[in-house]
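One chain, chain A, appears in both complexes that follow, with chain B as partner in the first and chain C in the second.
Take a look at the complex of A and B:
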């Protein structure tokens, strides 16, 4: 349908007139046709990066290449991309149809072709009954679809989306997630998708980039990042509930977690570490397995699984996720078991996963 | 409004009297809150209005006391008086000179001042500064500008090699000269309101247009103007009503002259009432002016309904 386009960012830096650097050297190559998700906490610079790509802001330094073309000085319209804004940016005084077709005349597309594309997009997104309505007469989800349709009709090879689902309720969000993903596959668009919701990132991304305070934390496939977080920030940001962590000490292949709980580990490390384990890897101890006990503080029953919070140290709570329904009450004592192979260790100072450090200091 | 009473019978019997009492009390309480503004409106608005209409139907003495019922006499006399018809013409011309130019000028300035440039705050302040100036003060400024011998306007003409003009003394230019001064005086207010309207437009709409690649003119026509239309509508209506009621600058600059060329209706009312002591006729003129403004405003609302996009 259209030629796929790659994107390449070299050492992108951005600071606004007043204040500190917002993006501190972003290096990333986005493959043609990829669904690339940008995720990070609020204020980390996601929107800023997207606006740089769109050409709505100028970079302070660094290079942007769009499909092998040096794009730093291209105007937004010359970059051949479409953008979906967080609040959709629909024109309130135009009908859905006019909104979708807005600006197509610039691309020298004949009126007939414009109408055809509009109809195609509306068909694809189930907007046909609403073409003559104004945006204010639509529901949030429908508006969101209009914004999508507007991005589609331009037939641009790259699409940027800035938290397009954040105004929707949980159910609709889940539905739109898969719709957007399918649409992107079908049209073969290179998608750069911003979100602060790690579930959205995990479920939609081909690859994702985690950003914190303008610095890249990790780039990779969702599962790789989940299983091998580069550092403690990534580990706690990706996954819900977040990874449990605790400062600990390794001496002669024995991990001392608390005064009365230590276990053998198979790592090549001496000294202080931060030990981390995902909630689903803290299991109910069967008789005979090495275990530790803790007092339940809170229980959340989710139907298919049960979340159990317990205090591992005074002032530090961990959460375990058990399959199925478990009748527990606060105050109960539970026996817990952790497979040492499922544990992740971060060095105490840099908070970097030691698995990456032993790979010959990747940093 | 009739609300069907679905309460149980016994309850109703018990509480009926009590409820009516309560309802009457809250009704009185409502009026009590309205009382101060009702009083002010009655004293300064409703009563003068009614009184004006009343007086317009009478012959009056020099004190403004009604002497004899005149019926429509005052009105028919006015409509056949060439001097009043000239006033009507001057008024409409004055509105025509001031409103479109004034609003367009303010819109242009507002569009300029809405750019995100360093130091734009300075220009915003300058452009809106005439709002803080009284009609009297600015009229005096313009009197100096138009002064035939020392005025800046004539110096400018000379500088361009044009013949000097008697702006306020020439019947063919006096109305335009006052209109120019009025436009200048009103720009501050109009500018400020329009700038406020512009700043209310979501900047993402423009960014979206930028990505689509439409021209500046196109986004002005298709985004800015429609989004600004409620504000524009408000500004046009207010400017028009203001313009119909112009008095101060005319009193200071021309006193209705020369040869009645700037004798707009309001000024004519003033002259008839307080110089000729013909209150009956003045009241009739006031009623006619009121009807004119009323009519124009209604027409505007009718047209506006189709063109204005309220959010």
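Take a look at the complex of A and C:
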């Protein structure tokens, strides 16, 4: 149907007149047909990056290649991409049908073909009964679908999405997540998707890029990032509840976590570290395993799993995630066990995963 | 509200209503009176006849003046709507250096009374040779800061994403202006249109300055002319003329009242 297009960004920088640099040298290559997610906390520059790709704003320095074409100076319409906005940007005075077909005539597509595409897209998204309605007569989810349909009908090889699901309620969001993903696979478009929600990023992305304060933290497949976070920021940002972390010290292969808790570890490191462990890796201790005890401060029972918060140090709470239902009350003392292989260590200064540091040393 | 307060309130409102409306009603009554009746201080005419109205049409070319007024007001309204909406669009949807400063400068012209610029305007019109023509009557009123201000406020309520979505789809700026901005601002445009039309219709000083015969003269000048010709003896005829002149204005108000209210209060409450 359409040729796939790759995207290449070289040293993209963006600063505004007020002086703040929003993006500080972004390098990334996005593969054709890939579902690429940009994720980060608000203000990290992800939306700005998307707007630069769309051509709605100019880069301060760096190069953008779309396909193999140098695209810095191309107008938004010349970049052959479609975009879905956070607030959907539907035209309130036009019907759903007019909204979907808006812009097609510019591409010199015959009336017949326009209608055909509109029907195709409406069919795919279940919008056929609503074609004659105005956006204000639709629910949030339906409006979202109209915005998607408008992006689809253009048959552009690249689609940009700026937090498209953030205005929907949780249930609908989960549904739309899988719909968008399926749609992208079916159409084979290159999708660049911005979100602040790490769940969306984890569940939808082929690959994702984590941004913080205009700097790339890590690029990779969701599970690789989850299992091998490059630094402490990524570790705490990806995963819910977030990874538990604590400053600790390694001396002669013994990790000293708190005054009364230390464990043997098999790492080649001396000195201060930040030790991290995912909530699901803090297990209930069986007799005979090395363990530590803690006092439960809060319990959240979710049915399939139980979240237990406990204080590991004064002022620092950790969360453990246990499968199944556990009858615990605040004040109870629990005995906990952590497999040292499941721990992640970040160096104390740079907050970089020491696993990557030793890799760097090898390279 | 208690009955007592209601009675007081309605009495006050009625009195205010009578005071406000008395001149119009009185003028309407006079338009049916003979010359003598007016001077006797009567409030009710002896008989209702359209003699004065017929006289009004005969004494001065009232129909011609009415037509001129309609042409002038319509042209000014159209010109103002076009120029103001384009200017407002530029102030909202384009980015350029010094935009806010320029806008400040633009609306600060509202502080200069129109009478102060009348003489230079007159000289300009004169040197262009536009005296006694529709050009001279209409063109000086095309660009108005107030209209631009009003429409800018309205355009600012249009989400910028709509503009960006159009850019991504490849819709030109002008097309976006025509197919999105204008339809979404219908209410404000109508409000401004009615306001312009009424202001233009009631214009007196400028038409008096730049016209000197009945070819392009507007109806307000016609009324004055009628008054001077009759030397106050035929008030009935003059008032008949007045009634004829306010008719289009009233019609416009009645038809556009709802829109006008909507437009003036829009944005006041979200």
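Keep this in mind: the second predicted complex is superposed on the first by the 360 of 363 C-alpha atoms of A that agree within 3 Å, B and C clash if a C-alpha of one lies under 4 Å from a C-alpha of the other, contacts with A are read in each partner's own complex, and residues count from 1 in each chain.
Convention: a contact is a pair of C-beta atoms (placed from the backbone, for glycine too) under 8 Å apart; a residue touches a chain by one contact, two chains touch by 3 or more.
Values in this document were obtained by computation on a predicted structure and should not be read as measured data.
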Fit or clash - chain C, chain B, common chain A: clash
First, second, both or neither for A:221, with chain B first and chain C second: neither
Partner chain(s) touched by A:82 [first = chain B, second = chain C, both, neither]: both
Partner chain in contact with A:103 - chain B first, chain C second, else both or neither: both
Which of chain B and chain C A:186 touches, first, second, both or neither: neither
Contacts of A:136 with chain B and chain C, given as first, second, both or neither: first
Overlapping contact positions on chain A, where the chain C interface meets the chain B interface: 54-56, 75-78, 81-83, 85, 87, 89, 91-93, 102-103, 106-107, 154
Touching residues on chain A, where the partner in the complex is chain B: 54-56, 75-78, 81-83, 85, 87, 89, 91-94, 102-107, 136, 154
Chain A partner contacts - residues on chain C that touch it in the complex: 159, 161-162, 164-171, 180, 183-184
Touch list for chain A against partner chain C, complex: 54-56, 75-78, 81-83, 85-87, 89, 91-93, 102-103, 106-107, 150, 154
Touching residues on chain B, where the partner in the complex is chain A: 202, 204-205, 207-215, 222-223, 226-227, 229, 309, 311
